[in-house]
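Next come two complexes, and both contain subunit A; in the first it sits with subunit B, in the second with subunit C.
Moving on, here comes the complex of A and B:
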C-alpha cells in the first residue's frame, strides 16, 4: 500500500499542478487544456469505434514492422557472426546505415509504398532491423566456444548448433536490442503517421490538432504514452521469462 | 587391470601419429603449439596428459575432440580417421559448459534428442543418470542455482547420456574445492571401471594424474612434444595414501615438470 502511494503520489501531484496551472489562466487553455477537460475528451473517444480502429491500425503496423525486424535481424546478426564472408560483405553497409535517423526516410517510404500500411511497416522494420541485428551479432560473437563444442559432441549439426546454442546464448544481448527497437517503433510509427497517413493514432493526433480539438489531441497523445507503457510491461514480462535461468 | 598400452592397431581407441599444430597470432606470426605427437591409447585405457601451462595439452584434447583442425599428421579414432566432433567422444570441460538456459534435466536430454533416442527412453535414461551422479531432486534447477561440484556432475551426466566410448576431460575438476574434487575423482574411477570407457584426461595436477590414470603423458613446454610416458598402472591406496611407489612416481613426475617450467624461464 505504501509502495503504491509512493509510486503514484508524484503522478497525482503532477496532475494537480497541471489542472491548477491551466485553470488559473497562467497559460492559454488552448495550449494546455485542463486535465479534467482532456480526460472528459478521452471519455468521449472511448465511446467512439473510430478511436479503436485507429489504435488497432497503429498497433498492427508496429507489431508487423517489429516482428519482421526481429526475424530478419536475428538471422542477419547470427549469419554475420558465424560466417566471415557475410560479415565482410554486409558489415560496412550496416555501419553506414546505423547512424542514419530512419525518420529521414519517411518521404522515401511514401514514394515507394504510398501512404498506407506498407510505408509505415517498412519504416519501422528499417529502424528496428539494425539495432536487433547488431545486438544479435555481438551476442553470438560472444558465445563461449565450449558451449558450441559441447553441442557438437552431443551430436548437434551446424544448424542445430546455431539455433539451439548460439542464438539461445545471445538472448540477453538480443533482448537489449529489442528494447531499443521497441522505443524506436513508437517514434517511427507516430512520426510517420503524423506526417502522412490515413489512419492510426498519429493520424488522429494530427487531425485533432489541425481541427483545433486540443483536448482530444492530448487524449490521443496520452493514448500513445499508455501504449508505450503497456508495451514496456509486456517486454519486461517476456524478458523476465526468457532470462529466468539467470539468478 | 586390463589397460595395457595398445599393441595392435585394432585395439587402439585413439592413434595419433606425426601430429603438428600451428596457429597464427594476431600479428600473423606462426606459432607451433604441438610438435610431432605420437600417442596410442588402448580401448578402455585411462591416460592423463600433464605438462606446464601453455604446453598445448588442452589443444591436443580439442584436436582429438574434432573442435580444432590440425595441420599435419593423422588421428585414427576407433579405426576411422578423425572427422570433426561426434558423440563417440564425449567432452567434459573445466568450466562445465552446461547450457545455462536449460535445466539439469534438459541439459542431460539434449544429446539424446539430437541422437533421436525415443522419448520414453530419453526420460528414463536421464532420470537414471541424474540419480547416479547424485542430483536427484535437482532435475528442474538451472545451472546457476547449483554449486560447482553439482554443475560438473550435471555436465558428466549430460556427456554420459549419449554413451560415448571415449571421454575427453579438460581439467574437469580444476575449478572445484578439494573435498568435492576428491569425491568426483572416486565417482569418475567408478564410472570408468563399470563402463570400460576410454578416458583421456588433461590436468596440471601431478597427484591427480598419477592417482587416476594408468599412464601419464608428460609434455614439454611450447612447442608441446611428448617428453616421456610414465606407467602409473599399479595398486593405489588413495590419492593421499597411495604408498611408496605412488609417492615415488609423483615425485619423479613432479621433478620432470619442474625441470620443464625451469627450462621455460631459462
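Moving on, here comes the complex of A and C:
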C-alpha cells in the first residue's frame, strides 16, 4: 500500500496543482474546470445508463475490429512467411499500404459503410491488419529452422508444424504487433467517433464539447484514458501469461 | 540487374491490383460513388497537381506534421534522458508516462481546441502530444541501458557530467532513441490528419473530409493516394536518416526497416 502511494504520489500532486490553478482563477474555470467539478460530473455520468451504453458501443467496435485483424493478420503473416508465392504476390501490396497513415481511411469507410458500427469496425480492422500481419511475418520467418526440423523428425505434419511450432515460436513478435494494433484501435476508434458517429465514447466527448458541458467532456476524456490504461494492463497480463515459458 | 528484376517482380502484384481496381470499377459491379475508376482518380490527382492545390495542401500538412513531431522529439528525448539520469525525475515522471503512454492522445483534441482554438496551434499541439510518450519511453530505455563500465571508466578518467552525457550516454542511446522516433512518426501523422479533419484548417486531412462531405469520391480516393505518398516519403526519409546517423553502428549497416 505504501509502495502504491509512493508510486502514484506524482499523479496526486498533479491533481492538486490542477485544482489549485483552476480555483485560483489564473485560468478561466470554463477552459479548465476544477478537478473536483469534473469528478462530480463523472459521478453524474456514472448514474446515467446512456454513458454505459456508449462505452459498451465503443468497446464492442474496438473488440470486433481488432479480433478480425488478429485472425486474418496472423493467417496472412504466417502464409506469407511459409509460402514464397504468397509472399511474392501479397508482400509488395502490404509494403505499399504499410506507410499510409490509417486515419486517412476514416472518410473512405464512411462513404462505404455509413456512420454506424460497420464503418468503425472495418476501419479498425484495416488499421490493425497490416501491423499484425507484418509482425507475424517477421516472427514466423525468424523461427529457428532447427525447431521446425525437430518437430518434423518427431512426426509433426505440415499443419501441426505451422500451428504448434512456427506460430508459437513467433508469439513474442506477434505480441509486439498486437501492442501497436491495440494503440491504433483506440486512436482510430476515438478519432472516427469524434468525427462522424451517433454513439460511442468519442461521440459523447464531441456532443458535450459542442454543448459547452466541459466538465462532462473532461470526464469522458478521462474515461477514454481509463479504458486505454485498462486495455494496456490486460494486454500486459496476457503477454506475461503467453510468454511465461521465457525466463 | 538483379535489383531491377526484383523491382519488376514486386511491381507486378501492384499493377495487377490496379488493373483489378480499374476492371471492377468499369464493370459496374460497384457504383462510381463507392469505387471510382483508377484512371479517374489519377486524373483528379493530375488536376490537383496542375492547379497547385496538391502542392499547397501537401506542404501545409507536412509542415504541421514535422513541426509537431520535432517538438515531440526534442521534449521526449530530453525527458527520457533526464529520467535515466535523475532518480527524482524518474520518480515524478514514471507514473505520468505510464498513464500517458496507453492513452489515445487524440481524445484530448477537443480540450486542446477549447484552449487554443480551431487553428494550426491545435493541430501542432496534438501532433506533438501523440508521439511524445513513445519517444520518451524509448529514450529512457536507451539512456538507462548504457554499459555501466563505460560510465565508470570515463568517470575515473576524470570526465565531467556534461562530457559524460555528450561523449557516452547520448551516442550509446542513439540507436534506441532513433527506434523510438521511427515508431513514433506514423502516430504523429495520424494525429495531424485527424486534427485537420476535425478543426477544418485545410491541408490533406481537411481536403479529404471536404471530399467526403460533398460526396466527391474521386477527390476522396485521390486524397488517400496523396496521403499515402506523403506517408511513404516521410517514413522512408526517417529510415534513411537513421541509416546515415548509425553508419558507425552495426545495426546501421544491417539496414533496419520499420
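We adopt the following convention: the second predicted complex is superposed on the first by the 245 of 247 C-alpha atoms of A that agree within 3 Å, B and C clash if a C-alpha of one lies under 4 Å from a C-alpha of the other, contacts with A are read in each partner's own complex, and residues count from 1 in each chain.
To be clear about the criterion, a residue touches a chain if its C-beta (ideal position, glycine included) is under 8 Å from a C-beta of that chain, and two chains touch if they have at least 3 such contacts.
Here the structure is a predicted model, which means the values were calculated and not measured.
Applying the stated contact rule after C-alpha superposition, one finds that A:10 touches subunit C and leaves subunit B untouched. Once the two complexes are overlaid on the shared chain, A:21 sits clear of subunit B and of subunit C alike. In the superposition on chain A, contact of A:144 is made with subunit B only, not with subunit C.
Once the two complexes are overlaid on the shared chain, A:88 sits against subunit C while remaining clear of subunit B. Subunit A is touched at more residues by one of its partners, and among subunit B and subunit C that partner is C. Of the two partner chains, neither subunit B nor subunit C is touched by A:115. No residue of subunit A is contacted both by subunit B in one complex and by subunit C in the other. Taken in their complex, subunit B has these residues touching subunit A: 62, 65-67, 84-87, 89-91, 93, 95, 97-102, 110-111, 114-115, 142-145, 158-159, 162, 164. Looking at the complex, you find that subunit C touches subunit A at residues 9-14, 17, 33-34, 91-96, 99, 101-111, 113-115, 130, 183, 186-187, 189-194, 197-198, 204-205, 208-209, 211-212, 215, 217, 220-221, 223-224, 227-228, 231-232, 234-236. Put simply, subunit A touches subunit B in their complex at residues 144-147, 149-157, 160, 164-165, 168-169, 171, 244-247. Residue ranges of subunit A in contact with subunit C, taken from their complex: 6-8, 10-11, 13-14, 31, 88-93, 95-97, 99-108, 110-112, 180, 183, 186-187, 189-191, 194-195, 202, 205-206, 209, 214, 217-218, 221, 224-225, 228-229, 231-232.
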